[in-house]
Every structure is written in structure tokens, then in C-alpha cells.
Amino acid sequence: MSVTQQTVAVGPPRTERHGSAGAWFGGIHGTELAWAAAFALPYVAVFLAFVVYPVAYGLWLGSQPALYRELFADPVYLRAVLNTVLFVGIGVNVKMALAFLLSGFFLRKSWWTKGLLVIFILPWATPALPAFLSIHWLLNGQWGLLNNALYMLFDIDGPIWLNSRWLGLGSNIVAYIWKWMPFWTVIFLAGRMAIPQELYEAADVDGDGATGYRRFMHVTCPLLATLYLVCTLLSTIWTLGDFSTVYFVSGGGPAMSTEVLATLGIRDAFVLAQPHLGVAAVMSALPVLIPIVVLLMHKLRTSEVQL
Amino acid sequence: MAMNRMGRRSVLRGSLGLAASGSLSMPHIARAAATTATVWQTQGFVPAEDEAIRKVVADYQKASGNKLELTITPFLALMQKTVSALTTGDVPDVVSMDAPDTLLSQNAWDDKLLDVSDVVETQKSVLSPSALLYSYVYNNATKKRAYYFVPYKMSAIPFHVWGSLVEKAGYKLSDAPKTWDAFWDFFKPMQAKLRAKGMRRVYSLGLQLTTVGPNDGNGVFYGFLIANGGKDIVTPDGKLHTNDPAVRQAAIKSVAYMTQAVKDGYVPPEVLSWSDADDNNAYHEKLIVMDFDGTISTELALYHDKQLYLHEMVTLGLPLGNDGKPIPAQVGAGGGFIPKGAKNVPVAKDFLKYILQPKVQSEYLKNGLGRWVTTVPSVVKDDPWWLDPSDPHRAPYVRETLLGPTIPVYNAYNPAWGRVSAEQLWGQAFAAVVKDGATPEAALDKAFKRAEAIFAQYPISVS
Amino acid sequence: MSASLVAARRPRRPRYRLRRVIAEAAASALAIVLVIWSVGPIYNMVLIALDAHGDVFSDAIWPPAPTLESFRIVVTEGYWYLENFWRQYGNSLYVGLSTMFLTLLIGSLVSFTVGRMRVRRGWVLTNAALLTYVIPASFLAIPFYRIMQSYGLANNAWSVIAAEVTFATPYAIFIFQQYGKSIPIELDESARIDGATPLQVYLRIYLPLMAPALVAVGTYALLLAWNEYLYQFLLLSSPASMTVPVALAQFLNSDEAPWNYMMATAIIYALPPIAIYYLFRRHMAAGLTMGGVKG
């Protein structure tokens, strides 16, 4: 590992200043290196101790081609792939878009917005297991809270939500968004709070014209675009492996029509005692996963100072 | 150290009397260097079950001088923990698991378990044949069956009936017909009667056609299949007999009856997506008159409420089959297995021998309130507790599980059945009939075809 | 407050006021939607918790005979799954706060090194960290079980903390890096010119400016550890050494459970992380003013 004076292109004024800084850097090159090494050491240790072996082991578990033949022979598999695409594709994107917009709303300075934020993050703090069970029960067609409320308030007989594939899948997606949107909102809120106020003031030269829109399009969006992309890609990877939403809300029913790869994997690994097959089920998403990881790597690599 | 060893020796001397009664006589173990064994145990449904296993472990430690490290873990987590252990090789000495069905037969197939025939042999003559069959599983490496499991508890699926609702509807449970379909039919008219009396949300049958259960829907279907004469869909040699016309007919009749009951509105329409707990919830809230669900935990959960437990709820064993002949109840077993690579096999086996003893397992299961039944039929004849008529649930449940005709769950015959169940082939057939209007024949042919493909991957050469 | 400032600067025009009223009305409507959306499933949990029998099915949308009995049971450890409740609560705080602290520390140090100290191949480290997420955590349980045995960490709370930190830190690094982009590097450089060591820059400039991200990611790490239970069952053996989610998961062990106790536990348990987030959050102003830092 070595320390460089300049890895990225910066604006002209900065380059000027860099000359003097470079000389300063060069003077204590060794100490600088020691600091960098010391700062990176804890994570390097965590990585070597807890990441290298487990991940290699996991990849090895799912490495036999025969597993994939067995997987594809499962008649539920293809449907689970489609469900996974819908669950992850819709769930992640809707969640992220809403979270991004709401983070702007929660930037408002009124006292009740702060109180509202506390209520808003309740789903995130609530343990997933009882929360999803509660959702499973409130969706009950005969005796559930949702249909009771629909009946009392609007005199409508709601459907039996979890008896239909599409309503079931939709319920899983909505439950997933409900649980995780607050988390990403908080992340984007932090991102917005990092934007220096001066930048907004600079964009505000025209007075009160379309300020909100301009601020959003010319300052917020460009500054948070990479953060948004990185978060969306990461969330996609995580959601591919998320089994608890589907497992507890629809349970994969009716008739296995809302299963996703992760629930099939959990079943194969821990109910059928065939962990190789279970890992293969989630690893069969690698054709999607690898481009995401490559893109993420690229983004993380070039994501140094760009202002 | 010296103190310790002294203590152990004196305990050993003291336990000689106990040792004489059972088959606990391996003094060389106590002298072995590693006398600590780890035991993983499934958590019980009621606290008494956990207390009971702790007492067995404490008693064993006292009697043998060996030390056991007991860890009690809920069922799903224990499955994950056990699979992790068996995959990586860092295993405990004993896994004492309730109904390990597929986990047992699959890992025996994969040659990951230790042959414990010598342990089973100590009590073989007195054990229930179905418990023995459950434990006699196939190893694909040795191409042989052997005992890979030490069964010391059993369970079956009984009927749970709200006697109070039956009476409220104007019927008497003693009038219930003796054959299977007629027995189910008996409850159907109660729905209208109870609704007329103001229970407008009540349904007659807790007939679980769910795929979500994950086992509830399968269990109900196998009950119907057997009642209709399809018991031999899998035989003890591990072969699938979907091409047997009797099996096919039985399966078609079962699917037809079950789906028709839903279509006729005697079953809450939700059953297609009921989770494991939902039938119990509906039953506890008196939203269904009867339910067919494993073990008497449904009743034991209300043990504290004497009015409900003693006077309102009724447990019934199986009626006769539709041909008027007795039908076997399908039973699961609980017990212990030893993973290959266990560090302390002698103590592990010694403990399993200890707990397998009729007296020890009987006391253990009695302390657990009888949710699990002993695997030794003679025990319940000698000890009046098991068939105590003042408990309305235990006696019928014990008769069904142990004294009537029984067969083990098919997973024991071939691990392929575990996949058949986990893929919810029957539940998918129900949904195809109820939701998509398929005929039972067409729905079953699809299920049978898939079952045959799964069994083709699990050929068993020697029986 | 901001509104009055703006108002002082400009003449009050009817059009402007109308727009403000519309904006306020829209915000209020959105707030109502958000409250219903967020609270809906939790309200159902409360309904179950307030029911004397823990009935999950009902035809009411209001508790017919509410009782706080299940909350009393939880806080007095009156049910066998909850017999270690307060002890486990303490464990939750220990495991959660340790995970939070370590994740923030390790993550911020790495992102400072890579993003601010301009280590040429620093990206190798952040890219490698991504490997952690290639296989979902629930499937990494198997190898984790094995390495904790080899490290002799089995049955030790630190095995759980280590696992949580492993899963939380890469995310922390990525977010810190993205976030750090909007903090001008000139701040660091001018401090360096004034003779500050990297450690001083990290402590005095980097961490304070990262405060909102530290709060957000810290809450993430806290909640990750706060609500996790599978790894605890896998790596620990005594219920007394586990955290509250383990008690919650036990309710699923059987198909019968007093759901009112489960829901009451979940509600009581969800509050502290929110309080922690809120406490930190309210001390941060929205939108940094660079001028103050520079000057």
C-alpha cells in the first residue's frame, strides 16, 4: 500500500493548492503510510478472519454443476425465479424511489415533521418476525383487520388477499417496502443533510421562481445520484437473499406460487437437510448478481472526490 | 480434581442398583478421559417438557458420573444448527430431536450418522414396531438399512373437537359415525345450526389444504389417503407405488372429498394460505368446530383453563377407514442420533441407552404432560397415568399413537418423501382443483409424475 | 421559523401565501397517509397485545375489552419464553451497542483512509468488502458456525458481535465513502498545512462532518444486531446469554403461542432503538454550513 498525492482530477483552484499540499505530504511519507495502515488494519483483520473463509466456503458449497440440474428440474423453480425478479425489481425500486422523495419531506423544519419521523421509523425498529406475522394475520380475508376496516369504513368486502398469487406477491412486496423504506429514508436524509447549504444558496440566485424544483434537479439529484445508485444495487443484493418477508407474510402460498429463490434455498438447506442445494438456489441468481457487483465495484472505485 | 473423582466413584457405587434394573452398566466410560458429551435438544411446546429433559440429564449425570452439556433450542433453529454441524463436521455428541423426519433419513442416506443399532438392540423387543421402522433408515454409502436413530417418543395426528359446540348445535359426539368420510360429514350440518345461533363466523371443518403449513396440509392428506386404502403409496422397502390403481383411486377420492368440502363452504376459504399456527388460532377462537392436527398441544396450550380443557374440548383418535376396517395412524418419532465425528461416542451411546429404558422415557414423557407418547406399549398398560380416564385428551391420543395400528411417516422409508412433502405436491393439487377448476385426476397425475421423478433420484437397492 | 425569515425578506403576496397554504395542506395530507401506513401493522400488533387471550382473528377494528395484562407479563417475566427477559434486554444493549460502536469505528477508519488519505489502492479494500454480500447472510451461517468453533468463540457473545460487525461494516464503508464526497477535501488539506496529524483530522474534521451519516449507519448497525436471532441460536447455547429476539423466535417453536405476549414483547422492544436514533438525530441541524467549519 502506498500513499499517493493525487488520484483524482480536481478543479483548477484545487490543483493549485495541491502543489503545496503535495510537498507537505511528501515530507512525512513514512508516517503517513503508518497512519493509513493503522487505520485500515481493523477492517483488514475482520475481513481476513470473518469474510474470506465463509464466502469461499459458501461458494464451494454451491459449486457442483449437478446441483443446478436438480434445481432446474424442480417445477416450482422457474416460477420462483419470476417471483424473485418481481419481488426484488418492484420492491427495491419502489422502496428506494419513495425513500428518496420522503427524505426530502423529512428535511422540513417544522416540529411535527420530527415527531412524524419517529412514527415513520417504527416499522424499521420493530422486529421482523412479529411484524410480518401481524401482517399475515391482518390480511386474513374473514377475520383480518384490513378487511374488517374496509367493511366498516367503506362497506366493502375485501378479497382473501393471500389466496391469490398476485395479491399474495403484492402483499409480500408491500410488507417488504413497509419494513425497509424507513431505513433507506434515514440514509438518504443523512445524505441530504451533508449537502452544504452554500450550494443551495448558489442555486437560488433567481429568487423564488421554481426554487424547490431547481434545488432538487440541480443540486440534490446530481450530488446524491451515486449514493442512490450504490444503495439501490446493495439493496438488490440483500433482497435477493431475503427470505423472511415471503416466509412469514405469504409463506410462499398459495400452492407455492409466491416462493422466491431465498425461500426455496432455506427449504432445501434446512428442511430437506441439503445445504448444497440451498446455496445453489440463491447462487443461481449469480447471472444477475455478478453484473451488479461489477457495477458496484466500479462505482466504489471511482467514487472519490468528484465535486 | 481428586475430590471430583471421589465423588463420581461413590455415585457410581450408589447407582449400581439402578444400573441393574436397566441396561446401564458401562463403568469403563466413567474412567474414560473425556466424559463430557454435548447434547442438543428440541425445545418443548410446554415448559414442562424442557424441565423434564433437564431432569433426565441430571439423573443420568448422577447415575453415570458422566457430564452432559445440554442445549435446548427451538425446532427451526435446531434444524439449522444441526445442518450446519453435519455439513462442517463440528458436531455435538447427541442430537435429541422431535420428529427429525427428513433430516434423519437424508443424513443417514448421506452417511453422516453413526449406526446406533447396538443401542436400539437393548430395548428392541419392547419397542413399538412403527418407532423401530421410523429409525431403520437407508445408508446410500453402505447400501444397507440400519438403526440410525434411538426413538424414545412418538406422536400422531388426532382429531380436536369442540364438544361444547357440537352440543350447542344440538348433536351428540357419541353419535358420530364410525367410518372416515361419514365422520367428517357428521360435522358439516353443525355450521348452519351454530350460525343460526349467532356464531356467524363459524365453520365446521379445519380441513387444512394449505401449502404454507408446511406439514399440516400434507398430514391431513395422508390421513385421507390411508382412510381411502392408499396406505401403500410408499412401502417399507422405500419404493413408490403411484402406479398401483388402489393408491391412485384412494388419492383421487381424498383430493375430491377435501376440495369439495372447501367448495361447499364448510372450511374457511383461507385454508389455502393458512400458516402452521392458523388452524390452531381458528380452533382456539372457536371459529372451527373440529381440527385434524398433530399432537395434543392444541389442548395442552389451554391446560390451565380447566373448564375448556376438561369439559369443552374433546380429543378423538381415528375412525375406521371408508371400507369399515381399522386404519393405521401415521406416527412420527422423537429421539436421538449421533453424528459421525462425535467426540464422545461411548457417553453418547450410554446416554441414549439410558433414556431409551422404558421407565426412564416414561417418567420423562409424563413430566412433559404427555404431548409425546412413550415408544413402549407395555409401559402404558402397566402405568395407569397414560390411560387415565379423567383426562379427556391423553387416553384417546395414547391409544391412537401406540395401541392402535400404526405406520411411520414415509420419510423413514425413503428420504425422497421429504422432498415430495416439501414441494407440497398435494397442496398444489388441492389449489389446482379449488382455484383453477382442474379435476382431481388431472391434478394428481401431475403430482404423481413429479413424485416419481423425485423417487427416481433416490434408488434403494437393498431392502 | 424558516417561514418567518422568508416572510420578512419578501413582501407578503396573496399568491405566495396561497401556495404556502396549499403546500402545508399537502404536507399534512401526506403526514396522515404516512401515519396510517407506518402504524397499520403495528396497530394490529397492539390489538393482539391488548387481547386477553391473544386472539389474532377478530371482527373488530377496536379492542373490545383491552387489557394491559400481557405487558405486565412481559415486564415481570411471567411467561417461560420470557423468563430471561431483562437479562436478555441487557444483552441486547450490550451486543447492539458494541456492534454499533465497532461498525462505526472500523467503517469510518477505512473510509477515511481510502477516501481522504488517498491511498492509491484503497479501492481494493472496499471492493473486497463487497464479497461479504455475495452470499446471503442466512446461508453463510454454516461456515460461520465452523469458524467460530475453530476460533474458540463458540458460546461467547463476541462471536455474535463479530458476525454482526462483519455484515454491517462493508455497508458502513460504502455509505461513508459516498457521503464523504460532499465534504470538500480542502478542509482536510488546510488542517494538514496547519500541522494536524491524520488522527487529528479524523477526529476533529472528518467525524464531526460525518455526524448525520454516523447516526444513520449507527442506527442501522444497532438494529441489525438488535433484531437478529438465527446467529445467536447457532453460535450460543444458553438462553441467558442471548438477546430478546431469541425469546421472540421461541414463540414460533410451537404452533400454539400466546401471541399477545409476543406482540407486547415486540412493542416494548422496538422503542429503545427509536429513542436512541431520535436522541442523536435531534442534535443535528439539517444542512451543513461549510462557512462555520472553514472559519
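Annotations for the structure displayed:
Letters A, B and C name the chains as they come in the text, with residue numbers starting at 1 for each one.
Note that a residue touches a chain if its C-beta (ideal position, glycine included) is under 8 Å from a C-beta of that chain, and two chains touch if they have at least 3 such contacts.
None of the values given here were measured: they were computed from a predicted structure.
By number of C-beta pairs in contact, the leading pair of chains is A-C. Centroid distances built from C-alpha atoms place B farthest away from chain C.
Rounded to whole angstrom units, the spacing between the C-alpha centres of chain A and chain B is 41.
Separating the centre of chain A from that of chain C, both taken as means of CA atoms, is a distance of 14 Å. Shared interface positions of chain C, i.e. residues touching 2 or more other chains, are given as 56-57, 59, 142-143, 146, 229, 249, 252, 259. Listed for chain A are residues 61, 137, 140, 142-143, 269, 275, each touching two or more other chains. Residue positions 76, 80, 83-84, 87, 201, 281-282, 287 of chain B are each in touch with at least two other chains. Of all residues in chain A, only 1-7, 10, 14, 17-18, 20-21, 24-25, 32, 35-36, 39-40, 42-44, 46-47, 49-51, 53-55, 57-59, 61, 102, 105, 107-110, 112-114, 116-131, 133-135, 137-138, 140, 142-145, 148-149, 152, 175, 178, 182-183, 186-187, 189-198, 200, 208, 223, 226-227, 230-231, 234, 237-238, 240-243, 262, 265-266, 269, 275, 278-279, 282-283, 289, 293, 296-297, 300-301, 303-307 touch chain C in the complex they form.
Listed in rising order, the residues of chain C touching chain B in the complex are 53, 55-57, 59, 80, 141-143, 145-146, 149, 229-230, 233-234, 237-239, 249-250, 252-257, 259. Within the complex formed with chain C, the chain B residues making contact are 43, 45, 47, 50, 69, 71-78, 80-81, 83-85, 87-90, 201, 276-277, 279-282, 284-285, 287, 293, 297-298, 300-301.
Those residues of chain C lying in contact with chain A across their complex are 1-2, 10, 16, 27, 30-31, 34-35, 37-45, 47-48, 56-61, 105-107, 109-110, 112-115, 117-123, 125-140, 142-144, 146-147, 151, 162-163, 165-166, 169, 171, 173-175, 177-179, 181-186, 189, 192-193, 197-199, 202, 209, 212-213, 215-217, 219-220, 223, 226-227, 229, 245, 248-249, 251-252, 259, 262-263, 265-267, 269-271, 273-274, 277-278, 281-282, 284, 286-291. Of all residues in chain B, those touching chain A in their complex are 76, 79-80, 83-84, 86-87, 102-103, 106-107, 201, 210-212, 214, 268-270, 272-273, 275, 278, 281-282, 287, 418-419, 422-424, 427-428, 430-432, 435, 450, 453, 457.
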